[in-house]
Each structure stands twice: as C-alpha cells, then as structure tokens.
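Since the structure comes first, as structure tokens, the remarks are kept for the end.
Labels run A, B, C and D following the written order; every chain starts at residue 1.
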Amino acid sequence: MENREFIAKRIAKELKDGDVVNLGIGMPTMVANYIPKDVNVMLQAENGILGVGPKAGEGEQKSDCIDAGGNYVTTVKGTSFFDSSFSFCIIRGGHVDITVLGALEVDEEGNVANWMIPGKKVPGMGGAMDLVVGAKKVILAMEHVNKNGAPKIVKKCRLPLTAVNVARTIVTEMAVIDVVPKKGLVLKEIAPGLTVEDVQNATEAKLIISPDLKVMEV
Amino acid sequence: MKNKITSAQEAISMIKDGDSIMVGGFLTGGHPEHLVAALLNENSAGNLTIISNDTGTQELSIFQLVKSGRVKRIFASYIGSNPETGRLLMTKEATVQLFPQGTLAEKIRAGGAGLGGFLTPVGVGTIVEEDKRKIEIDNKEYLLEMPLKANVALIKAHMADETGNLVINGSSRNFNIVMATAADYVIAEVDEYVKAGEIDPNHVNVPGIFVNAIVKVG
Amino acid sequence: MENREFIAKRIAKELKDGDVVNLGIGMPTMVANYIPKDVNVMLQAENGILGVGPKAGEGEQKSDCIDAGGNYVTTVKGTSFFDSSFSFCIIRGGHVDITVLGALEVDEEGNVANWMIPGKKVPGMGGAMDLVVGAKKVILAMEHVNKNGAPKIVKKCRLPLTAVNVARTIVTEMAVIDVVPKKGLVLKEIAPGLTVEDVQNATEAKLIISPDLKVMEV
Amino acid sequence: MKNKITSAQEAISMIKDGDSIMVGGFLTGGHPEHLVAALLNENSAGNLTIISNDTGTQELSIFQLVKSGRVKRIFASYIGSNPETGRLLMTKEATVQLFPQGTLAEKIRAGGAGLGGFLTPVGVGTIVEEDKRKIEIDNKEYLLEMPLKANVALIKAHMADETGNLVINGSSRNFNIVMATAADYVIAEVDEYVKAGEIDPNHVNVPGIFVNAIVKVG
C-alpha cells in the first residue's frame, strides 16, 4: 500500500459518528475515501459547505458547488451552504470536531509549520491557520521524513509557524504519535514490521513510548 | 426607483487610478469574470489595490490584470492558484499582504458593519502578528485586526431583482456577501434579472440597498 | 393640527427618493404616513426587515412579520429579511441614510439623551444607541418643551446620554433646527405665527439665526 | 445519525442550577414560548442567567419565569415590554445588565465565532462604557466588547429536518441564529419537521450541527 493511502486509511479510523470534519487539500482529502459506512460525518469545506459529498461526475458538475480545492463536488442529504464569514464562525468558533491537515514540520509543543518555506514561492495560508486554531482536534497527515530523508517531527519548528501548540495527533506511514501538552510526543502505534528504534531514528524529537504501544492497523 | 441595470463597460467606467477594489469569489466559484474582464480591457486605471481571497486562477482575467502592472497592492489569503500574484510577492513589484482566510472575511465584514476591529486568536505566534497590536484577555493573547473597506466591489450573484436584491447559490456566496457591505460602490454580475417582488424576501442574500449597479451576463 | 402630526409631516419632507430610513417607535413611526407618493424609501426595522410596508390588517397578520415595536406589518416589493446581527451591520455600518428618533434632551453639541431618566423605570436603550451612531443622518422628532414647560433643547444634556455629537436636525412643533458641528444650533425654520423670540424663549441653548430663515411648511 | 427530536420536558431537563440560558426572539416574534413554558413548569433550576433581547412581554411564560425568583442575572437590550425585568433592575433583586441591541447581537455572534471581542463606536461617551476598556484608533474611540456564550440556547424556528437544519422565516430570525452558534446545548422549537434532504441547502438558516434537540409543537 502506498504511504499516502496507508496514512489516510489510519486517520479515517479516528472519525466518529456525528463528527464535523474539515479535510485539507491533498492527502487529507483522501481520508474521505476510507470512512467506514456506519460512521456518518459532516464534511465541511471552508468556502461555504457543510455536508460535502463525493466528487461530482461528468454531467453533475455545478459552478455553485465546488470545494475549497476548487473541485466540483456533490452534496449529501442535510447539506447547508453559507458565506465565508459564517464558515469561519464555524471553524474559529470551535464547531469543527476534527481537522486533518498536512505539515512541513511539527514539534514537541504541538507547534505546526505548514504554509511557507522562506525563499520559495508562498501560496498563502488560506484557511489553515483558522482551522488549526479553531478545530477541537487537529490531526496531521504527513510523511515521517522529507524528500531528503530529514525528520519532519522536530524538537522545535524552524519554518514559519502556522500556529502554536495546536497539533494533537500525528499520523505518518511509520507511526501514530499524540502530542500531550506539557509532556511531549507520545508514540502510540508503530507500523507493522517497524521497531520503536526505527521510528525514533527517523524523528528528531524525543519520543515517549506509550505503555499501550500498539501496531498500526488500517 | 433608479434603474440599476447597466453594461459591464459602463459600470466599470467609474473605477479610477488608485482605487481599492474587492473582487468576490473563491477560485472560480462565484467569481465576477465579466466584470474583471471589463476592468482589464475597457478601463486603464492603474495603481489599483485588489482585495480577493485568492486572486483567482490562471484561466481568469484577474490573472492578466495582476500581470498588467496596474495592480500595486494585493490583500489575499491563498495565492497558490495565481502564480502571477506569487511572482509579485517575490519580486516586490507589488505589495502583497496575506491574511488567514477567516481573518480576511472578518476584516471585510467589520468594514461593512461599522466595527473598529476585532480580536482573533488566529495568527498569534506566527508572522501574521507582525506590526499588529496584541491584546491579552484572561491570560489568552489575541491579535487586534482592523476593518477593511474598498472603493468598489465586483461581485457575482445568480439572480438580481430590480431593487438590487441578490440571490447567490451554493458555494458561490463565499466573499460576495461581505464585500457587498464593505465597498462604496458595488457592481453585481448576475445570470438572471427579475422584477421587484419576484424574489422571496426570505431568500435574499444581499439586500438591494448595497448594490449600485447590476450587469446581466449570459 | 396636532403637534405630533405637524412634526411627523415636516420630517417626511426630509426624506429623499431611495433613502434607507429607520423610524423609532411612537411619533417617528407616524412619519411613514406622510411620505410623498413619488418618494420611494426603504423602511428598515432593526429586528430584521428592509422594506417595511403599512400595518397589516385583520387577516394578513403573520407572526413572522412584525416591526421593532411588535406591530404586525406588511412588506413591499423588494423586501428582504435578515437576522439581528446583519441588521446591525446595516445600522452601525452606515447603510441607513436617515434615522428618526424621539429625544428627552438634545444639546448644542448634538448630544442626545433619549433612553433613561435616573430613578424612573428604565426600558433599556434597544437599538437607539446603534442607530444614532450608525445612521448617516439623525433627525430628532420631539416636542419643544417637556410636560412642565421646561426646554428640552439645552446647553448641555443633564440626562444620561444616548450618544455624543450625533444629532443633525431637530424638528419640533415650533421650529426646525440644524446642529452644526463646532458651531451650534442653527434655527432654519419657525412655525407659522411664531417669532424668533418665541422659539428662543422656549429653548435653553442659544440659537444662531439662519440668514435663510423660513416659515415651516408641512 | 442521532435522533434529535424529543419533548419539551425532556429537552429542558438538562438545564441545571446556575446555568446561563439564551432565549431567542424579539418581543413575541420568533420567541420559543413552549420551551420557556417547559422551563417554567417542568424544571426547578434556580440561580439562572437569562440572555434575551427583551425578556419578552407580559403574555409570555418568560414574564412568569423572571418573576419566579429563579433568575439572578439578566443580559438584555430593551426591557420595556416586561415590567418584571424593570422591577428587578430597580430593586436589584437580580443583576440586570443592558446593552445596545447591536452590541448584544454582536457579543453573542463573537461568542459563537471564537472571537476574543470587538470594537464598537456605540456607547462611547455614555454609561455603557462603564468598566469597559476603551481603545483609540486613528483618533476615534471604541469600546472593547467581550463575547457572550451560554450553557443552553432556547430558540424558535419554522422548520427543522432530521439533521437539525433549521429554516427561520421573516422577522423571526432576529437573535435565534446567533444564539444557536453560541451555546453548548441548543434546543429548537419548530412548527414543522421534515426528512433530511427536504430543505434546500440554500435555504438553511442554522446548520444542523448547531442543534442538539428539536421539539415539534402545534
């Protein structure tokens, strides 16, 4: 299984029936494909939809129904539309249960950097800063190391931050790690075939091993 | 009752050098393409300020407008879909100021609502807080964000009636509603135009008093 | 003609075609009865209506259509409904052209007191403070003196204020007076049969006589 | 999907001593009479805080509730229609705090929207500014107003669907929408109840995620 698919599948298991969920662009969006049939979540798109359905097929694409990535989407039973101002009342006001976002770096204090690399073209933060500050739970969907093999889970973020002390769970192809305030990074699950040492070696920050350490299942 | 219906060329003719212009829409959704095309092709005003969530995409006239050198200042949130805006930010050919999306929407709402500003937890501890006043309440820090207004707003709606009442469907509402309240002169591009009284008063998204000119397209 | 009717009739002449107008409870509401047929104004009710029509007759009363005084009203062609939060965006944001309110006292600086008398039962300010601060023009509809014959147009308000420096025009049964910032109270019109001295004697504040002094016509 | 429909008695049973309760409505319009009657008659919680635009009128159960001695604190704007609230203010049997109507609506919106507060020009120079922080921006003074939240909101809507989506018609929207966003537990009294998908997503005034319990009346 491809890393991205594995991560998305594992995150899907974090969603509970009735949750309001906002999925970021890219890998986080893939989470929607793996939500169990008996778990009903309301997907929010920050451009103004609550109740995003599957992508729209040919012939059902409507210019008045796109998601925050600009894709044509369908709606579910019980969908509602609203403007950006109300959308961010929902987000910043703590009415989103879970947001899943990618990250460039995350550190021991739950600080997240996911929107810019100095010297490179800046796409802008979009709704990411509001989402990580406002959502009840922030889950990071990220590969454990970057393209050069360097750890992305670090002692202290070096890139410009998206927000301070907001990440609660980190899911990578190697592990599930909880960020516990005033404690640090707690290793909860490791991928099949890996050792704790493998994970620690790919992680700059020191990991606290959970007494309940499990093998990741997807 | 003053007849608000007019041509794009005529409506756009009131834009002058140095004006600030809000442009509604989220990527292609609810974007007033005909009005921006008229601004690009039928008006030569320069030194413009553009306020837009994302400054659109490469397929839209706003891409050409940003590229034209007539835009000296941009307020936006996400600019990854308009590489020209990113280029201006890098080269500093224009001032490009980025805001968290919820903060941008709220700043525009505050401008229209007569508020002097608002406190948001979003952006605290990031570069967004640069040059901003921080206010601490109950041991929590907030950024004081200022209202944003403009000379002109270009917005997109599905339908207008003779009084200027607008209906905006689905995910096309986004920034169009708040922008209609925050500009001195509001031009709405619409697909349908009906008599006063034909829109259910419960379904009006922008009351007609906010709309100065209506351009019917298609 | 009764004083209240005379005052309401005179104020009706201040309204221009296209104005957005909010009329307070009591005498200000009477202004609606005297608006010339060729002058179309949009009446706003702060509980959430733009386009208030005449009072609803028997059989056309709907619980979902009351004005800010709790009266059943009708709507006009082009009416829109909205919630309290948006209603006060309209009011505080400067989108109401004229508000007409009663007053207990008004002074040379345009300070207005109209919501409480210490020691008496306090009804609350309702939307009055937002209206006088937010409306582009504040017209006071008031009898020239109180029940005891004491002037209500004073040098300096003694009652708790509704707002500072907001009144622009005062219409009483005796006179029309403009409040000119940094200048004072300018007597523009006097009722038929009265002298300037009559008006000054009933006014605590010093009146500046307009070079264009006219007789009030209704 | 959890079934949200229930009886008034059952819904109201979760109100406990010391709770703060928002009550929607503007005078009789959009007032949740059945829910307040249930709170009055089927629940004995005391030491309550009531947040309401006007605390209703003498004909409504809220008049009896205010009179019952169970209410220790009231936040409102206009109380002239409920003499009992006025009496409590005079006798100081309860704390009655009055706000400009737009400020009250905006405080509740800010509570639901995750804002730390907002700056309004309304109330400057009046007794409303007592004990409030004043902030000067560009030589203009503003009051810093804080957000307002509650344990429970009792609101009134015309229609609900199974997911809790609400439609509120005409002038009944008033405080019902913002209150739905600002309370931990929201109970909606509705006239009609329909299946999920029967409400046009464009016509939803309160997304179902905000609504915890639905009581159908009539």
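The criterion applied here is as follows: a contact is a pair of C-beta atoms (placed from the backbone, for glycine too) under 8 Å apart; a residue touches a chain by one contact, two chains touch by 3 or more.
Bear in mind the structure is a predicted one, so any value in this text is a computation, not a measurement.
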- With subunit A set aside and the rest fixed in place, how do the remaining chains group by touching? one piece
- Query: How many angstrom lie between the CA centroids of subunit A and subunit C, rounded to a whole number?
  - Reply: 55
- Task: Provide the C-alpha centroid distance between subunit C and subunit D, rounded to the nearest whole angstrom.
- Result: 29
- Determine the centre-to-centre distance between subunit A and subunit D, using the mean Cα coordinates as centres, and give it in whole Å. 34
- Scan subunit A for residues touching two or more other chains and write them down. 81-82, 88, 91-92, 133-134
- Message: If a residue has to touch 2 or more other chains to count, which residues of subunit D qualify?
- Response: 106, 109, 113-115, 120-121, 169-170, 201-202
- Would you please name all pairs of chains that touch? A-B, A-D, B-C, B-D, C-D
- Query: Which positions of subunit B touch subunit A when the two form their complex?
  - Reply: 26-30, 53-54, 57, 76-81, 83, 86-87, 89-90, 98-103, 105-106, 108-109, 120-128, 158, 169-178, 205
- subunit D partner, complex, touching residues on subunit A are 17-18, 20, 40, 42, 50-51, 75, 77-82, 88-95, 133-134
- Item | In the complex, subunit A residues that touch subunit B | 45-49, 62-68, 70, 81-85, 87-88, 91-92, 111, 121-130, 133-134, 160-164
- Can you list the residues on subunit B that touch subunit D in the complex? 106, 110, 113-121, 135, 137, 140, 142, 144, 146, 169-170, 201-203
- Query: Once bound in the complex, which stretches of subunit D touch subunit A?
  - Reply: 1-2, 109, 111-115, 161-163, 165, 181, 195-197, 201-202, 204, 207-210
